[in-house]
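These notes open a run of structures that come right after.
Shared chain: chain A. Partners: chain B in the first complex, chain C in the second.
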Partner chain A sequence: MDARTIIESLTGKFPEAISEAGIESPIRIQAYVDKDKAKEVCQYLKDSLQFDHLCSVCGVDYPQRNELEAVYHIASYDHAVVLTLKARLPRDSPEIESIVPVYWNANWYERETYELYGIVFKNHPNLKPLVLPEEMLGEWPLRKDYEGFPNKTARNLV
Partner chain B sequence: MEEMLESNEMIIHLGPQHPMQPGPFRLNLRLKGETVMDAEVELGYIHKGIEKILENKTYLQGITIVDRICYLVALTNEECFVGCAEKLLGIEPPARSQYIRVILEELSRLQSHLLGLGEFGEFIGFVSMFMYTIKEREEIVGLIDMVTGARVTHSYLRFGGVRDDLPAGFKEKTLPVLNNLKKVISDYEEMFQSDRIYRERTAGVGILTADVAKSLGVSGPALRATGVPFDIRKNEPYLVYKDLDFKVCTETAGDCAARVQVRLNEMRESIYILEQCFDQIPNGPLFPEGTPYGRRTPVMRVPAGEVFHRVEDPRGEMGMYMISDGTDKPYRVKVRGPYFPTLQALPPLIIGTTVADVAAISGSMDGCTSEADR
Partner chain C sequence: MGEVKEKKTNYSTETPEEIPGVITTTTSAIHNFLKKTKAQDLINWGRKNSLWFMTQPMGCCGVEMIATGCAHYDTDRFGIIPRNSPRHADVMIISGYVTKKYLPALKRLWEQMPAPKWVLAMGDCSISGGPFYESYSTVQNIDEVFPIDVFIPGCPPRPEALIQGFVELQEKITAKKDRGTDY
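== the complex of A and B ==
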């Protein structure tokens, strides 16, 4: 399955939801997806285009545009094409549907993206911090305007 | 987990520091007798915030940071990071540098697999195995040290090349080590096959089928042990792997014994790759000629853009997603380590087994918690 076929199939099936689809190289394609359709698109990718392997889910912060992006890297065990699927989210209330029902291993990636960026994955089975302690929830340390975590241990001692 | 506890059940916490774990993470097990009814992994004990640190370091400084993701595979981490920047810069290292990188990365794979085998032996109570493999690993680490000047965190790769050439007499020192290793691998194999207790502890334990492994997102030896020939070196060749002859080692059983067998076979393939590299390595410059890139490129601006680059780590698929905004520091680096999804797949794999098997299954995954936490 080559990059052009995948792009054509994807834009043909979701003309409204998919935008700015492009081919970077024969094995790398990318597209923006409407945030309400992300899960549906993932389901289609998995069922019809052999994208059965979720590489990662991550967030990117763009304070100038007042946006966060949720970025999914979706690959396949059969072909070498990797799709970078991005969804634009408003920075003050970033919410997107969880894709755990489609890709089982999205669970931890979404938990991590949630604690680092504050992106809320709706209908996630267990949305709680993964690598950070509970008291750091709300700090969103990977956002660009994060200025460091106050040393709460020392404060408690005083 | 506590709420679900029935009267004849108990919870035990393995970790965060426990002899059967590759690094600090906590495994909460709900047990009924000896059977695991439920399991939950808690991460974060060794979280270093590497992705955030990388955003605040120049690209050259970043090389020293990615080493620390997992010290066992520092060279493949560097390869992934440097490979991302090279793709954005539009440069390619010259043939000699590419061969040197392959040589070091395969040596690194050998030492990682050797330590993995030793630790696995230790987890299932075969402590001598660790003594055997650590002795051979020391030879390999010595060879890497000879080239890079460091045993674990090498900072050896540079954008467009490598820091130093191979020292004189490196080939002559390496080939006897490899020949010895071939013999030793066969010894390990014989030892494993002839030991009845080892067979009972590993054969048929922790079985992953191909479909389940795929849906759990597993990669590397754990996936290849189920019969899926997925290897980034073949599927998406980087460096000179497309010119080298090697096969992707697979097994069909998908149990602990199969995962160990895949690693043993992969070590044989790595030795074969190394022998080819020593025969084929050309002379020439270490950095692309006519470019400013060298071992000391102090200030480097990377053109704006983004790239997702994957390499084959000893544990599976290592990927990095790098966004550059045209300055001398990356805007965002996402590290997609291979052990993260494998560790995530541990709870479904151990539910229904006994506590004793948890050590065997967890050990056969050859984990590195440092990389899962980052």
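== the complex of A and C ==
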């Protein structure tokens, strides 16, 4: 399958959930997904379209739009295509269904996205900070309005 | 079973035990007395010539630290020997950025080392944060946490610079100006 067939299959199966689907190049496609349907879309991608490799889960902060985005990069071993799947989340309560039941390696990706952006992945088996210490939970250091940088506090430099 | 009895000890660290006809003292009293005499010079000579450091690499400076401990630089001529356990070591080298998550483990290593003990800050990361200066997860001003004697700048410092730092520490110990001992 080439990129156009994959996009057509995806939008044909989920006409309401998938929006702004586009083809960047023959090997890169992208689409926005409704946040309630993200897990079902991933299940369909894995079962029917042979997208069996989750490359990464990450987050993006858009303070002007008051939105956070959860970004999934999903690739395929059978087709030379990487799909960038994005989900828009409200900034005050970012919650999305965990895709660990579909892609098991999303476990640590989602934990890291949780500790850095505060995106809560519902029904995650073990949602706790991965790298950061427990007491930094709630600071969400990679959000744009994070003010916790120890700005010019090194005494011996002044 | 089930009851925990308070363990009785024969010695007290606070006051010497009173025995008629016998002069008793404590270890810390002896140490405090010796610090005021010339004997401390001899003790410091022994201490400065056996600065065993803990092999505890924390970043890329740790590679230089290990290279310093290897045969090429022959730090044994200064009495500087790498040790694998904090309980054998006299010197802790902070050889990299200290993250907020690693600081409790570093404090624990420091507490496991027997006194007298000294700290060297090696590299820009441990001195000011280096490239991780304004990072959300690094600890600034590490000299407020540990009594650091010598700062060795560099990114990373050469093994010769680390040896120079050790020599500076030896001079501080000889001059009784080090922060590892209370004079």
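The rule is short, and it goes like this: the second predicted complex is superposed on the first by the 148 of 158 C-alpha atoms of A that agree within 3 Å, B and C clash if a C-alpha of one lies under 4 Å from a C-alpha of the other, contacts with A are read in each partner's own complex, and residues count from 1 in each chain.
In the analysis below, contacts are C-beta pairs under 8 Å (C-beta built on N, C-alpha and C of every residue); 3 or more make two chains touch, one makes a residue touch a chain.
Everything quoted here is computed from the prediction, not taken from an experiment.
J.: With both complexes superposed on chain A, which partner does A:117 reach: first (chain B), second (chain C), both or neither?
T.: neither
J.: Does chain B (first) or chain C (second) touch A:72, or do both, or does neither?
T.: A:72: touches no partner chain.
J.: Quick check on the superposed pair: does A:14 touch chain B, chain C, both, or neither? Answer first, second, both or neither.
T.: Once the two structures are laid over each other on A, A:14 reaches no partner at all.
J.: Report for A:139: first if it touches chain B alone, second if chain C alone, otherwise both or neither.
T.: Only chain C; A:139 stays clear of chain B.
J.: Between chain B and chain C, which makes contact with more of the residues in chain A?
T.: After superposing on chain A, more of chain A is contacted by B.
J.: For A:108, using the defined touch cut-off, is the partner it touches chain B, chain C, both, or neither? Pick first, second, both or neither.
T.: first
J.: Starting from the residues of chain A touching chain B, keep only those that also touch chain C in the other complex, and list them.
T.: Shared contact residues on chain A (touching chain B in one complex, chain C in the other): 131-133, 141, 146.
J.: Quick one: which bits of chain C touch chain A in the complex? Just the residue numbers, please.
T.: Spelled out, the residues of chain C in touch with chain A are 100-101, 127-129, 133-137, 140-141, 143, 151.
J.: Would you tell me which residues of chain B are touching chain A in their complex?
T.: 43-44, 47, 49, 51-52, 214-217, 219, 228, 230, 235-236, 306-308, 310, 317, 319, 321, 323, 331-332, 334, 336, 340-341, 344-345, 373-374
J.: Under the definition above, what is the set of chain A residues touching chain B in their complex?
T.: Residues 27-28, 52-56, 58, 60-61, 71, 73, 77, 80, 82, 84, 103-105, 107-108, 116, 129-133, 141-142, 146.
J.: Quick one: which bits of chain A touch chain C in the complex? Just the residue numbers, please.
T.: My answer: residues 131-133, 135-136, 139, 141, 146, 148-151, 153-157.
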